[in-house]
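Next up is a structure, given as structure tokens.
All chains are identified by letter, namely A, B, C and D, in their written order; residue positions are counted from 1 within each chain.
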Amino acid sequence: MIPPPFEYARPTTISDAIALLQQHGEDAKVLSGGQSLIPMMKLRLARPAFLIDINSIQGLAGIHEEGGYLKIGGLVREADIESSELIRSKYPAIHDTARVIADPLVRSLATAGGNLAHGDPANDHPATMLALGAEVVATGPNGVRVIPIDSFFVSIFTTALEPAEILTEIRIPIPPPNSGGAYFKLERKVGDFATAGVAAQITVDGNGACQRVGIGLTNVGPTPLRAKKAEESLRGKKLDSAAISQAAELTAGESQPSSDLRGPAEYKRGMVKELTRRALTRALERARG
Amino acid sequence: MPVRIEKAFQVQQPIDKVWGLLSDPRNVAGCVPGAQITEAVDDRTFKGSVSVKVGPSVTNYKGDVHFERLDAAAHEMELVGRGQDVKGRGSASMKMTGRLRSLPDGGTEVETVAEVNVVGILAQFGGRVIHDVSDIMFGEFTKRFEQQLQQTAAPPAAAVAAEPAAAAPPAPEPEPVNAPAIFLKALRAAVARFFRRLFGGSH
Amino acid sequence: MIAKTSPEIGGLGHSVKRKEDLRLIQGKGTFVDDVRLPEMVYGQVVRSPFAHARIKNVNIENAMALPGVLAVITGKDLEKAGLAWMPTLFHDKQMVLAVDKVLFQAQEVAFVVAEDRYTAADAAELVEVDYEELPVLVDPHRATDPDAPILREDREEKTNHIFHWEVGDRKATDQALEQSPVKARVDAVFQRCHPAPLETCGCVADFNTATGRLTVWLTSQAPHAHRTLFAIVGGIPENNIRVISPDIGGGFGNKVPIYPGYVCAVVASLKLGRPVKWIETRSENLQSTGFARDYHMTAEIGADRDGTVKTLRVKTLADHGAFNAAAQPSKFPAGLFSVCTGSYDFKKAFCEVDGVYTNKAPGGIAYRCSFRVTEAAYLIERAMDVLALQLKVDPAELRLKNFIPSDRFPYQSPLGWNYDSGDYAAAMNRALEIAGYKELRKEQAEKRAKGELMGIGISSFTEIVGAGPAHTFDIAGIKMFDSCEIRVHPTGKAIARFGTKSQGQGHETAFGQIVAQELGIPVADITVEEGDTDTAPYGLGTYASRSTPTAGAAGAMAARKIRDKAKKIAAYLLEASEEDLEWEPGKFSVKGVPGRSKTIQEIAFAAYTNIPPGLEAGLEAVHYYDPPNLTFPFGTYIAVVDIDKGTGEIKTRRFIAVDDCGNIINPMIVEGQIHGGLTEGLGIAFMQLIDYDESGNVQGGNFMDYLVPTAVETPRWETGKTCTPSPHHPFGAKGVGESPNVGSPAAFVNAVVDALAHLGVTHIDMPVTPWKVWQILKQKGVVD
Amino acid sequence: MAKQRVHVRLNGREREADVEPRVLLVHLIRDVLGLTGTHVGCDTSSCGACTVILNGRPIKSCTLFAVQADGGELLTIEGMMQNGQLHPLQQSFHEEHGLQCGFCTPGMILSAHALLQHNPSPSEEEIRWGVSGNLCRCTGYQNIVAAIQSAAGKMREKGAAA
């Protein structure tokens, strides 16, 4: 309940924040929403010597479309995503995701950026961002670089961010017409990590064939996973129940769950299959409008 | 929270050479990521520490490694490592067995099994990641062991000495430990890079 | 029949709004952690990360060296003071701080005291304990294996077996069971769970060096008993100890035992002469303080082919953890478990229980129930469903056929209990009616035909609450009576003090209503006080639904004593003989003479200003009530669940609870209690388990994994009632707070099993999780 | 660790304190500023007993460092009463028996308050989701839902009247 001591700084510019990160190296941690980090510190499972609170940096809290992308600033809170009309109407998978993350109190502070940057395979946004083919904008000593989401999640609790980099924006390509997405999370109760979660994003053409598809998985592997084989199986296909079931089967095969209190691996694989079915079906309904 | 992990790999090296490395305590210990040998109690028992970093969470274990079995005839070994968290919040142990089989092509198959057991607060709060973390760490162990087999140049013990801040172990056997400083530096950097990649900065 | 008072008076049966609310809704309550005293310092317990280990050394140097650290107390320090061990509430002893070895993960090893919480937490990490890990025993079934490690080396008996207890006629029962044409058996585990009140346990111990008095603000459900135990354990004269239970944030049995943290805080205050606050964290609460259940049970029913039950045999293995700290005051090692014949008219029964030690937290406390009655009710209600399945009869019909008939009360159970009153069929029929049982069964059949999974679960439990009576119950020899003292002030207002302690049950309101009923003084004019041992009369506390049956009764009896004296004063004031006076709530009148009457307020004034010759001044009374028997509330619960085949998720669509707790003091409060108890039952049935892996690591020892239902998982409850007054209680009431927690788990589990019964499923152990259900569906080929 | 000056506007009053950066907001409120209506029910940010409203958002004050709230506007249960009048939510929790032990009540009321701020007439389902970050062990939530519904009604009338 009582965090260990640390030094604290609240820079007001990105460059100051990065300078501090360079100065303190491995001992420093970035504090954004803090809803993952602070609980770990309270249990003394995390002991950063230096916290860099980026919440006072201006210009990271916006949600808007620009240049073919939906841009979510690094400090946008889950609650803002949940209540964004733009996201609810055009990016339903992200809306689905935001509203099942932790609980309403956590969502007041938690940020989508932190949800990705924490690198926790149990976090929900990664699956959705994988499905949407998002990009992560990282700002560091050498300026800004854009990391495709597929290469962002390196290992358990490990992302492609360099120690002195800060996640400043998430970019989601604006989906073409006839697109739809959905996120299904199975949880033991409100506030729990997913037993399993599946995000699906699809685009269909005039005669209902699948043009574009993305499937992302939560908490069924050491990192957030993308079900590539399943996606492959759907491309160009008509999304009938047979195709969806086959994709669900493949997705389950691509998941790598391990047993824990949420259930045995076999159950989780079964849930990946079931939730994939549901996510694809809902995504299709939404794509058809 | 016991976890069992099996890894097998093949190397284009004769079984005797492989056994030479697998039966070299300091070498094997040196292949465990984050491990440091600090003292040799006897030629089968070593004191040391292991640092396990998972995202923002770091745990340092102090303890010992003992070779329960070294069967040169059967090419089988078994070692048990035990450590207690320096913050007094639990312990971790690993029983590792290794078995070698020579392959028709002159190469060798290395079969290893690790049984990891974590006790204490990490087992309470980290239950959902212990399996994956153990798997990753053991994977890295086998990877390093393979690397050792490849680089015939430097004697394996170098890896031990190369570990950051490792007190040079009193060599229990005559074979001297002297690798060029430049090599140590390179290896240190490599290890540091690896850890950044594996567990590095997340917000 | 009880005279209905006016709303102004607000006696029995009125839904009077609660007095305690006003401070609580403004954040002005005083919970233990809200107590702040000058010079107060903070304690933190250092706990073992191991389930079983030898302590080779404890080094406190680094901790002591930290600025702001005032003391580090170890087991060795306590040993010198003879305090390393303390008695449990059930014939065992428990380590306060471990000396030679630890026996469960999170066991107390040292106690750090510092100027503030933060320094204490830092210092706790600096206490270096050198452990040697020992073989761990977590499976109670292996406790008595020859190769099992002996955990309690402190005991004479070198075994992990604590007790064997049996009741009933073994031989006759075995024979009868042999000869039964129909036998039904269920092996059921009532898992280890925890009361988890939202406020954790804690205290502020303040030893005043000037006066030699110790004041302890304590999260206590039994402040008086705790004062006596502090006196016995700590050797402090009892008159120099004052225990204050301020506002308590829920108890549910968790706050009955004395915990090492309390003792350490007291010792630290004695040592430092400063107030010491110790508040446990949630994880400490779940991992070290009184758990509940962990009963591994087998029930066998012998019945005739027509479904008439005849014989019940029960065998149970009880896992008590490292110490037998089952906080239960009955004479029986398994408490009231022998009420396991439930609501049914068994002719023969036999029940045996064996208790064992394991490397788990101690406890076995009565979590929102009366000493193992939850286990008993769950077992018999599950077993009746298994019998129904076997006979292919409707579980409601089977129960109706076997209920103890209402004309057989008082009923002597084959295992020795004397049920005071009951009409089980009435409650059952009311519940079936509210549920629309026939239609539900019809719907279920239709759904089944379509391959959908719907289940209806019934539980018609009998509770046994209100301990005493004294001949059966005591704590450290102190009989389980309870008490009330009433003082009526000259202006006709009153204060009533009780030996119990509310933790949310609303005593400040409900107990006022009892006095209002008896004296006709408006409930608004009556102050109710509990929890301060310096002012309240001695009592045994609030748990096991005993407050209304004991202290509530004492309140009525004390008020009647006052009424008797008031009658004398009224007779004097009205110049009439007592025989000519008649009472209606609030005043005495002269029979047949309209207008000639004296109100209780006038009488109270006279009691101090115009005292009848030969009569003592004042209008006060105290009563200590030892109930002649327990009370036996009952009810029928019906759960309706739908199962998502794809995920195994269970949705409780409807839940009907018909309770009979005799005459009701405050219907609003009773209904609220039922809502709460059902929700706790829901958590136990579907979500909650404190488990241990083979190394003794606690699994489910924090609120991330010990799952408390939120408003989202909780269904809307439908309640109903019947009323069968207790014949021996002064106003016919029975305890009710725990019925919903006792009766509901079986209803939930029965509903899920019912939904899967056509697949041949007869039992699933709690918690009935989605993955368990899904695995069954997969095995049975229902899902691919 | 060096202390830092924290300045907050707490229930309309300017308050200042010097605290270590690691001090949790809930401890600033309870231990330093002495308002004990905000409670602590767990150590894993799971229970919501510590709910306060910071700059208009309901948050868990056990999962924010006091220094992060510097310059912020805080509302705790002690600030709910307006000129001697109970807030409609406080009234309704009393009238509908929406509390028993009262330990979760301050957090529950503040979560409900935040919910009604952006959704003046929530459905039962919206209410249940709205307070799903706050655990209650006593009431089974049914009367809490009723209390919030009734308060919403009162507040709408007020709004209409005003």
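One rule holds in what follows: a residue touches a chain if its C-beta (ideal position, glycine included) is under 8 Å from a C-beta of that chain, and two chains touch if they have at least 3 such contacts.
None of the values given here were measured: they were computed from a predicted structure.
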Which of B-C and A-D has more C-beta contact pairs: A-D
Chain centre separation in whole Å, for chain D relative to chain A (CA means): 29
Euclidean distance of C-alpha centroids - chain B vs chain C, Å: 52
Distance from the mean Cα position of chain C to that of chain A, given in whole angstrom: 44
Interface hub residues of chain B, defined as touching at least two other chains: 87, 89, 121, 125, 127
Per-residue overlap in chain D, given as positions that touch at least 2 other chains: 20, 22, 40, 43-44, 46, 129, 131-134
Multi-partner residues of chain C (each touching 2 or more other chains): 117-118, 125, 281, 283, 699, 702, 704-705, 708, 710, 712
Pairwise touch network: line, ring, star, complete, or other: other
Chain pairs that touch, as defined at the top of this document: A-B, A-C, A-D, B-C, C-D
Complex contact set, residues of chain C against chain A: 117-118, 120-122, 125, 281, 646-649, 687, 691, 699-700, 704-705, 707-710, 712-713, 769-771, 774-775, 778, 783
Touching residues (chain side chain B, partner chain C) in the complex: 1-2, 84-85, 87-91, 117-121, 123-125, 127
Complex interface listing, chain A residues touching chain C: 1-2, 4-5, 44, 103, 186, 188-192, 195, 261-264, 266-267, 270-271, 274-275, 277-278
Interfacial residue positions of chain C with respect to chain D in the complex: 17-18, 20-22, 24-31, 33-34, 36, 116-118, 196-200, 247-250, 252, 281-283, 503-506, 668-669, 671-673, 675-680, 702-704, 708, 710-712, 714, 716-717
Complex interface listing, chain D residues touching chain A: 1-2, 4, 20-22, 24, 40, 43-46, 48, 51, 57-60, 62-65, 67-68, 70, 111, 114-115, 118, 129-134
